[in-house]
Structures are given as structure tokens and as C-alpha cells.
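The following pair of complexes shares a single chain, chain A, combined with chain B in the former and chain C in the latter.
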Partner chain A sequence: MLANQIGYYSLILGLLLSFILCAVSIKDFNNSNKRISQNIFILSFLQLTFVVVSFLSLILSFIKSDFSNETVFNNSHTTKPLFYKISGTWGNHEGSLLLWLLVLTLFIYLFLVKSKSQPKKYRILTLLFQQIIIIGFFLFVLVTSNPFNYLFPTPPDGLGLNPILQDPALAIHPPILYLGYVGTSIIFSSSLAAVTQNYVSKEWGRHIKKWVLVSWIFLTIGIMLGSIWAYYELGWGGFWFWDPVENVSLMPWLTLTALLHCIIVLERRAALTSWVVILSITTFTLSMCGTFLVRSGILNSVHTFANDPARGIFILIFLFILIILSLGIFFVFHKKNNNNPNSFFWLSRETSILINNWFMMYFLSVVLIGTVYPIFLDVVSAEKISVGPPFYHKLIVPFLIPFLLFMSLGPRLKWIKSEIENKNSLIITFIISVTLTFFIIKNLTADLLFYTVLISVAFFLLFTTIKELFIKKNNNMPQTVAHFGFSLLILSILFNNILSSEIITNIKIGEKYSYQKSEIFFKKIEEKKESNFNSIVAYFEIKNEKGKIIKLKPEIRIYNQPIIITSEADIKTTLLEDRFLVMNLVKGGEYYNIRYQIKPFMIWIWISVLLLSIGGLMSLFKKRYEK
Partner chain B sequence: MKNKLNLFIIIMSLSFCFIVFYKALNNSNIYKPKIKAKLSLPVFDAKDFNSNIYINSEKIFEEDVFYIVNIWASWCVPCRTEHPLLMELSKDLSIKLIGLNYRDKLNNAKKFIYEFGNPYSQIIIDNDGTLSVEFGAYGVPETFIIDKNKMIIKKFVGPINQKIIEEIKLIIK
Partner chain C sequence: MYGKKVKLRFLFLALILASVILTVFLILQSLKDNIVYFKSPSEIKSLIELGKKKIRVGGMVKEQSIFINANEINFIITDFKNEINVVYSGVIPNLFAEGKGVVAEGFLKDKNYFSATKILAKHDENYMPPEVKEAIGDK
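Presenting the complex of A and B:
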């Protein structure tokens, strides 16, 4: 009740502070004083505080199950465990926008504090651009999706949170992903500020690289958490489905990765300035575009919270204002510097990074087309198509071959002009990878030539990075670790794809199902009662080829608010493989439908993504710059 | 000259994107759970709103007319917007409206009826929400059409509007 009022009015105060901040900054901008006025810090901190208060009061309403708040009523229920009451705060449209706002204000405050060594005018302009975004989101929250709508009379109970969202990985997935998504807003604002001040330079590159790294790390981990959740909760046994909403998070990741590499060139050689600026703008635009696609209800997925065209139109207009503003600024202010890519020597680190960029742009366009083309087609010709995994696989996988090859050679090159050193050892490594792959693939039922080439380049990258990890001490550890992680990721995904096996069958209690040399035994079921769901736990015993017995307990949950049935897979993870069993009810009978999968190297997919982010972290905390 | 051409192309493609997205917004494709073609009416005993006596469902739906079951509650905001339409619908004598009062306080519900009028020929009480589940409801408000064979032939999730009223009238004819 009271929390509701406090939350609402702090939001309005936060918006007012935005306008005051803009006025004060513009005044300070023309002031000849060399340092930023202390008032700006105070105002920015106040704004952050108000948003925090507003966010906390929403959390409080959720904890107290205050159903006079419409958001709480729509998304919570008294029988929900406390943990999910809290995570329900951002498990819905209104609350997640408030979280978005919180991160926006938090980051601009941190930016102000952390950028003291930077030119004053640049900092103030960054603040102004960021405030434009913040004002847009304040208005969006207050006008179209107020989280503090008041209901009277107070309903006795809420409608409940979608049960598939009641999951620990998903409770932390949105905040982490948002830190990455919204972090790109700082990169956007500061690159616009840098362009207007003609400050796209080595110093700026060094300074903004930290922000790029932070966003990149959070985005990587956020995507991974979503993927882990999809793996064990959706019960399809995959970890990436090329669902439009997944793509929407992958696209900023691709541009951010390209940006990260460009910034390295920028801070070393003051080149690729246009790339850096355009990529900064695109990354944030893609994040916003993602928000638009997800929130407007154009796409249909678990992430679609509410279908309200008014919200869609608001974000759409806001998005296009930002695009036009940023492109305008880019064309008016951006001065091409003389150090353009054409002057790069063909065999140099710069060129290899440029090649990396073009690959990233290619992957981006594939994902972009696959995601938005169905929308365009639907509008233009009223034809409905859906773009599935085969499209992405066909267009992306073959291009991984040259990409991985460049990735293993690129980092070995020197800046400006280089030669390939240690040619012999490289050739030997390559031959080893090819023969190793050949003997592995020969025993498998897979397309021999194609997979041999693909996997051997992945092995090649793996071996070259391993060699660098151990032989050349401490030369460029972050990069090596990240690239090592990437090669491991590609290898695990490929082997996972080739070696996975699956059995789908209907089975009843007490029955045995045999296949090849293994046996599935459905022992019994047990019923359990929890506060927010009833569950049927099934006990399975699976005897594998070696006669070893594995016990698996998949579960069917019947949630009470709202009434939804979900299947919880049981997964036994070992270093080599995951055993995955999920069951479903078959209508009107004693039979259950089960799906048993053996998925090799699953855990290595998560480990390698973690390695990627660890590479990023190492680079973030590194004192000296790469040689 | 070249710059102007570039600018023109960019602006054109941006406006094209804008128009496409704008149009896509209006024909959005949110999945709505559909009730299976025909579902027989659940059999239950429920408390009557006025008399507080338990009545069997066969007694409630005994007449040879179309019935419309509307799940509502006094605390439910969308129920208020659809109420005038229900009042209008109740004037049609070929149908009978049954109100299902969902998890409500009796006093609030009575006040609601007193204030906005009573479109229902009978109101039954669903204190714990189980009855609504029997009907296959997802929330409040929800409206079901029951034909003369006592089958649920159609369900509307969310508040009804003028378009739905016309659809209902069409079905009943």
C-alpha cells in the first residue's frame, strides 16, 4: 500500500531529476571551469537513489504479496516460495523495465565516477545522451507500463507466476543479461559524445574498452544462463533453438565481440574509428530492437509478457528517434582519419581483426535476416513462414572453417607488418589435428569430408592456443584463454551434435524397454505435494551397455496458480556425457511418454562459455596493455 | 551528391522498416489457448448467491436455451468494463446468463451488483476457485457459451467487447 505510493512518486521524482540534470549539465558545459560541477554528481546519485527506492518498494510489494498492486496481482501468488516472489519482481514486463531503468541510472553514475581523467565536455555530453535514453525509459514506464497501478478492492489472491519461470537459473538470468544489454547504452552515449568532440582516439579507446568488456562479460554469462535454463526446463534436450528471442540476445553479442576487437586496434593504432563508432551505435540499437521485438508481442515466445500495441509503438518510435539521432550525429560530426583500413599491410594483426569483423557482420546478417524476415514477409505478402535451425546451420557452420583458421593465425601476427613465424611447427600442428580428426570421424556416421575439415580447424585452434598457454609465458593471456574457450565451445557443440542419441517411447509402470544392449526400467511413481505445485516423480533404472545401472527421476509438476503442467527433466551429468530423461503424460491412459537422451560433452559447452568470460575478466583486470 | 543519395537511401530503408514493424504490431500473433471443439458441462453443486443454498448444476442448466456462463469478481477491474455489455446481453430473452462469482467477498460482490446492475438470471459462488477450474478457466473474467445439448461450445478469455457480443449473437441464431 504505502510501498506502492513511495515507489510511484520516486519514479516521478527520478524523471524530474533527469530534466534538472540536463539543464545543469548544459549550463556546466559552457562553464569554463575545468572540472565537472559537484552538483551533477549529487543529482545523478539522487536519481539512482530514487530508482533504487522505487525498485525496492516493488520488491517489498512482492514479498508482502500486496495484491492491491496490479503487477503483483498479475504475477504473484501467496503460495509461491519467497525466492520466486522476489524474482517475480523482474519476471514480468513492468518490473523488468524498472530493472532496466535501475541499470541505466546505475551505469551513468558509475561512468561519472570512473571517468575523472577524461575531458570534461566529453563526460557531460555522455551524460546528456544517456539522460535522453533514461528520459525515454522513464516515460515508457510511467505512461505505458506503470508497475504501481492500484487495484481496489484488493483481490484475495494473485494470478501466479508462469511456472516455467520459477527456476533458479531464470531468476538471475534477467538481471545479468540486463547488465550486459543496458551496459551497451553507456558505450552508445559515450561514442556519440566522443564523435561530437572529435575524441575518438587511443585514450578514448583505452577508457571505453573497460565498459565494452563489462557489457560483453555480462552478456555472455546472461546468454549462457538462459541457455542452461532452456536445456533442463523446456525439456527439448537442446541448449540453443534459434528462437527469435535467443537470436535477439545473440545479435548484440556478435557486434559487441566485433567492437571489442576493433577497440584493441583503436587503442593501439588509432585506426578503425568508423568501425568503432558504427559498432557502438549498432550494438545498442540491436539491444533496443530486441526489447522492441520481445515486448511488443510481434514475436511469440516465453519472453512475451504482454501484448499491448501501445507499448510496441512507444518503443518503436523511441528506437527510431535514437537511430536517426545517432546516424545524424555520426554523419555531421564524424571526421575520417587518415589511418584508414586500406593502408593496412595485408599480413598484420590489424588486417586479421578486420577479417574477424567481416565474419561477425556476416553471422550478424544471417541471424538478423532469419529473425526479422518472417515479420517482413508476413506484413508485405501476408505469408507466414518460420525460419528454423537448418537455415542457420547451413549458412553459419561452413563459414566457421575459414573463421577458425583466421582465429588461430591472427593473434600470432604482429601489428603493422608481420610474417608468419614458426611455420614448421604450425604445419605440424595442423597435420596432427587433421589426422586426429580423421581417425575420430572415421568411426562415426557423419559426413566424413566436411566434418573432418571443420573439426580439424577447431582442433587446430585448440592446439595453437594450448601451446600459447604453456609455451609462451604470459604474452597475451586474456586473449588466449578466450580463444581457447571458443575453440572448446565449437568442439563440444560439434561432438555433441554428432554423437547425441535419443530414444522416444511410451511406457507404463513396471514395464521394461530394451534397445540395443541397454534397458530402461520404469520402476514406480510417487506423488509429492509442495506449496505451489503437486508433483509426480517417476523412478527409472537404466542399464547401459556395460551393465551399469543409472537411476533417473524425472518429474511432472502440476502448478496450482496458474494451473500449468510442466515436465522437469532429470539429468545425470558427468565430464563425458549427460544422460537426460524427461517424461510427459499421455492422455487417457496409464502410459507415459519418455524421451531419453545421451548428450556427450554437454558440461563442456558451459565450461567453455565460462572460459570465454574468464578471458574477458582477465583482460578487464589486467594492468599493462598487450604488447 | 553521393552523400545525398546515401542519406536518401538510408532514410527510405529506415522508413520502410518503421512501416513494416508498425504494421506487424497490429497483427500480432500471440498464442491463445483454444478450448477443444466441444466439451461437456461439468457436473457440480454450487452455493446460490442470494439464498446460500446448494444447487445442482443440472438444476441450473435445466431449460432448453443457450446459457452463457460469465466468471467475474468485484475486485476484477476488466469485469467492470465488460459489465455494461453483459447488461445489454441480458435483454436478449433467448439466452440465460449465469454469473460465477470467483473468489470474492460476498459483501463486495453484492455491492458490485447493486451498483452496476444484475445481468445474471442466477449467480453461483465459487469461493476457492475450483469451480472455475472445472470449466477450464485461466483467470477472470472469462465467458463460456453452452448450447442446448449442454456442451461448452466457445470460450472467451478476458473481458468481452462489442465484437464478441456480435459473435455470441451469431452463434445463438
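Presenting the complex of A and C:
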């Protein structure tokens, strides 16, 4: 009750502070003082505090199961464990927007504190642009999705949280992903500020790179957590489905990765200024689009939850305002710097980074078209279609070959003008990769030529990066680690794809199912009771070709609030392969629908994504720059 | 005459243009091959020719129509005007039940017979795919 009021009024106070902040900073902008007025720091901190208070009071309402709050009523239940009561706070639309707002205000405060060495006018403008975004989100929360709506009479119990969201990975997935999404807002605001101040320079590049890295790391880990969750919770045994909701998180990641690379060129050579700004704008726009597409229910995705179209319209309008504003600023203020050479020598580090950017843009357009085309067609012709994974595979996988090749050669080049050094050792590495791949692929049932080439280049990248890992004077370790992680990622995905096998069948208790030389035995079931669900635990014994028996215990859970049945897969993970068994209940209850999968190198996919982000972290904490 | 630099720039521009056109062409071409159309049972009845392409069929699972054995599951999708028999072997989502909305992906054998390769899962029992909602009208 009280928490509700406090939360709501702190939000309104936060919005008011936004306007005050704008006024104060405009006044300070014209002030001839060298330093930013202390008031701005205080106001920004105050705004952050109000949003934190509001967020905490929502958490409190969830913990106390205060069902006079509509959000709590819709998404919580007294029988839920405490952990999921808390994570339920951001597991719904209203709460997750409040989290957006929290991160927005947190980041602008951190930006103000961390950017003391930057020009004053630039900092104030960044604050102003960020406040425009913040005001938009405040209005969005307060007008269309107030998390503190009051319910009277107070219902005795809540509707409960969707059980598939009651999961540890998904409890931390949204906050981490949002840190990445919202981090791009700082890049957006500050690049606009830098454009107006004609400050898109080496110094700016060095300073904003930190923010690019932070957003990139969080986005990478956020996407990975979502992917892990989909792997074990949805029971399809895959980790990426090219589903629209997944695609919208991948798109900002692609542009952010492109930005991360070309900001290095900016930092070194003060070139590609317009491109950096355009990428910054695009990245944030795509993050916003992601929120819009997921929240508006426009997408027919397997991940879609019931939602409200009115909210979509609001985000859409806000998005258009931001796009028009940013493009307007870009075209009016951006001056091309003619002092710097804009043409690159064809064989140099900067050209190779440009090539990376071209590939990223290509991947982006494939994903974008695949995601947006169905919506477009629906609007234009009312024809309903969906775009399947083969589309993405066909267009992306072949292009990985040149991409990986450039990735192995690019970092070896020097800035400005370069030659390929150590040609012999490169050629030898390449020959080793091809031979190795050939012997591996020959024993498998796969398209020989295509996979040999593809896996060869992946191995080539792996070997070249491994070699660099052991060079003592390697002064670009973060890059090497990240690229090493990427090569490992591609290799594990490819081998995982080629070597996976699965059995799907309907089976009764006590039955045996034999295939090839293996055998699946459905031993028995047991029933268990928890506070928020009842479960049926099945005991399976699987004998593999070598006669070794593996025991797996998949589960079917019947949640009580709301009444939803979910399957919990049982996965035995080893370094070499995952054994994955999931069971579904079929009407009547006599038959159980099971899916048994052997997925090689699954764990290496997660490990390599972690390596990628570790590369990012190392770069973030690296003090000295190579000369 | 144009200088060497201008010529080079023209060449570069032409190259970019060509690769962009090629990219767009490539993407659109693969899009054409890989889109999956959504049809309701009534739309299937009124089809003039049966394509060989993968489609999606959506509607409600008819009451008392699920029949299961060790290898496959049979059921009927209805939009309350027309219905279609579906045969499927594969993973069955937990929210799949009689009287609930369903989207199945697969191939048409004939106008009354659909062989599904996938049944799409939902995450939320209150959620009805927009297509299905439209297919079954306001029921």
C-alpha cells in the first residue's frame, strides 16, 4: 500500500527532475565557467535516487505479495519462492520498463562522474540528449504502463508468474541484456553531442570506446543467458532458432560489434567519423526497435507473450521522433574533417576493419530483412508468412568463409600501410588446417567440399590466434582472446550441427525403445510436490553403443499458479557432449512423448561466448595503448 | 579528362553499387525460397493447386480428435468452418491440447490431410497467435 504510493510519486518526482535538469543544464551551457555546475551532479543523483526508490518499492510490493498493486497481482503469487517473487519484478512489462529507466538514469550519472576530463559543453549536451530519452521513458511508464496501478478491492491472491520464467538464467537475463541495450543510449547521446560540438575526434573515440565495450560485454552475456535458457527450458535442444525475438537482440549486437571495431580506427587515425556516428545512432535505434517489436506483439514469435498494442504505438512514435531528431542533428552539424586522409591503403589494418564492418552490415541486413519482411508483407497484403532458419543459414554461413579468412589476416596487418609478414608460416598453418579438416570431415556424413572449406578457415583462425596467444610481446591480447573465442564459437557450432543426433518417440512406462545399437528404457515415474508446482519425475536408462548406461531424469511440472505444464529437460554435460532428454505429457497420460538428443561440444559454445566477453573485459581494463 | 583519382573513385563507387545490388538480389531470392505461408483450414479448402512448399496451418485442435500411438499423433485442426486432418511425429509442446489454439508447420498431402513436421510451442496459455485469432474469427 504505502510502498505503492512512494513508488508512484517518486516516479513523478523523477520526471519533474528531468525538466529541471534540462533547464539547469541549458543555463549552465551558456555559462562561461570551465566546470559543470555542482547542481547538475546533485540533480542527476537525486533523479537516480528517486528511480531507485521507485524500483525498490516495487520489489518490496512483490516480496510482500501486496496484491493491491495490479502488477504484483498479475505476475506474482503467495506460493512462489522468494527468489522468483523478486525476479518477477522485472519479469513483466511494467517492471522491465522501470528497470530500463533505472539503468538510463544510472548510466547518465556514471557518465557525468566518469567524463570529467572531457569538454564541458559536450558533457552537458550528452546529458540533455539523454534526458530527452529519459523523459520519453518516464512518460511511457507513467502513461501506458504504470507499475503502481491500484486495485480495489484487494484480491486474495495473485495470478502468478509464467512458470517458464521461473528460472535462474531468466531471472538475471533481462537486467544484463538491458544494461547492454541501455548502454547504447549513452553512445547515442554522446555521439550526437560530439557531432554538435564537432568533437568526433581521437580523444572522443578513446573516451566513448569504454562505453561501447561495456554495452557490448553486457549485450553479449545477456544474449548468451537467453540462449542457454532457451536451450534447456524450451526443450527443443537448440540454442538459436532465428526467432524474431532473438533476432532483435542480435541486430544491435552486430552494429555494436561493427562500432567497436571502427572506433579503433577513429581512435588511431581520426578517420571514419561519419560512419562512427551513423553506427551509434543505428545501434540505439535497433535497441529501441527491439523493445518495440517485443513489447508490441506485432511479431508472431514463439517467444511472444500476451501484450498490448497501444504500448507499441507509443514506442513507435517515440522511436520516430528520436530517429528524425538524430538524423537532423547529424546532417545539420556534421562537418567532414578534411585534414585527415580519408583514403586508406588497400593493405592496412584500417582496410581490414572496414571489411569487418561491411560483413557486419551484410549480416545485419540479412537478419533485418528476415525479421521485418513478414511484418511488412502482413501490412501490405495481409498475407501471413514466416521466415525459417534455412533463409539465414543459406545467406550467412557461406559468407563466414571470407569473413573468417579476413579475421585471421586482418589483425596481423599494420596501420596505414602494411605487408603480409611471415607468409610461409601462414601458408603452413593453412595447409595444416585444411588437412586436419579433410580427415575429420571424411569420416562424417556431411557435404565434403563445403564443410572442408568452412571448417578449414575456422581452424585457420583458431591456429593463428593460438599462435598469437603465446607471443610474449603481444600487445593486443584482448583482441586475440576475443578472436580466439570467436573461432572456437564457430567451430563448436559447426561440429555441434554436423554431429548432433536425436530420437523422438512416444513411449509408455516400462517400455524399451531400441535403435541402432542403443536402447532407451523408461523405468518408472515418481510424483513430487513443491509449494508452487507438482512434478512427475521420470527415470530413464539409456544404453549407448558401448553398453554404458546413462541415467536421465526429465521432469514434467504442473504449476498451480497459473496452471501451466512445463517440461524440465535433464541434461548430462561433459566436455565432449551433452546428453539431453526431455519428456512431454500427451493427452490421456498413457504415452509420453520423449526427445533424446546427443549434442556434441555444447558446453564449448557457452565457453567461447564467455571468452569473447573476457576479451572485451580485458580491453576495458587495458591501460596502455600500443604505439 | 578526369584525373586518375576521380576514375578510381568512380570505380570504387561502381563496385559498391554492384555489391549492394547483388546483396539485395541474393537476399530477396533466398527469401522467396524460404518463406512459409500461413493458411487456415478454410483457405486450404479454397486452394486451386496444392504447392509442394512448406506451409503453416493454424486454428483450434478439435475436441476429442487427438489420437496417439507409439510413432505418431493424429488430430484435427478446425476453424469452425472447415477442418483438416493432421498427422505428426515429433516433439509435442506441453500447451498442446484439445480446444486450444495450435500452429503446425509441414506439408499438404491433399486438401484434407496435412503432414506436420513441427508444432509451434507457446509460452503463455493466454497468448493466441494473431494468425490463429484471425483464422477462427471471433469465436
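Basically, the second predicted complex is superposed on the first by the 611 of 627 C-alpha atoms of A that agree within 3 Å, B and C clash if a C-alpha of one lies under 4 Å from a C-alpha of the other, contacts with A are read in each partner's own complex, and residues count from 1 in each chain.
Just so it is clear, contacts are C-beta pairs under 8 Å (C-beta built on N, C-alpha and C of every residue); 3 or more make two chains touch, one makes a residue touch a chain.
Quick caveat: nothing in here was measured; it's all calculated off a predicted structure.
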{"item": "Partner contacting more residues of chain A (chain B vs chain C)", "value": "C"}
{"item": "Which superposed partner A:Y362 touches (first chain B, second chain C, both, neither)", "value": "second"}
{"item": "Which of chain B and chain C A:G312 touches, first, second, both or neither", "value": "first"}
{"item": "Which superposed partner A:G547 touches (first chain B, second chain C, both, neither)", "value": "neither"}
{"item": "Chain B versus chain C as contact partner of A:N584, first or second or both or neither", "value": "second"}
{"item": "Chain B versus chain C as contact partner of A:P153, first or second or both or neither", "value": "first"}
{"item": "Which of chain B and chain C A:I375 touches, first, second, both or neither", "value": "first"}
{"item": "Touching partner for A:V387 - first (chain B), second (chain C), both, neither", "value": "second"}
{"item": "Doubly contacted residues of chain A, that is, touched by chain B and again by chain C", "value": "297, 300, 304, 562-563"}
{"item": "For the chain A and chain B complex, residues of the former touching the latter", "value": "70, 151-157, 159, 292, 296-298, 300, 304, 307, 309, 312-313, 316, 320, 323-324, 327, 331, 375-376, 378-380, 562-563"}
{"item": "Contact footprint of chain A on chain C as seen in their complex", "value": "23-24, 26-28, 30-31, 33-38, 54, 56, 66, 68-73, 89-95, 97-98, 120-127, 129-131"}
{"item": "Footprint of chain A on chain B - complex, ascending", "value": "3, 7, 10, 14, 18, 20-31, 73-77, 103-105, 108, 133, 138-139"}
{"item": "Sites on chain A touched by chain C in the complex", "value": "162, 164, 234-236, 297, 300, 302-306, 362, 365-366, 369-370, 373-374, 383-388, 390-391, 394-395, 504-507, 556, 562-567, 582, 584-588, 591, 593, 595"}
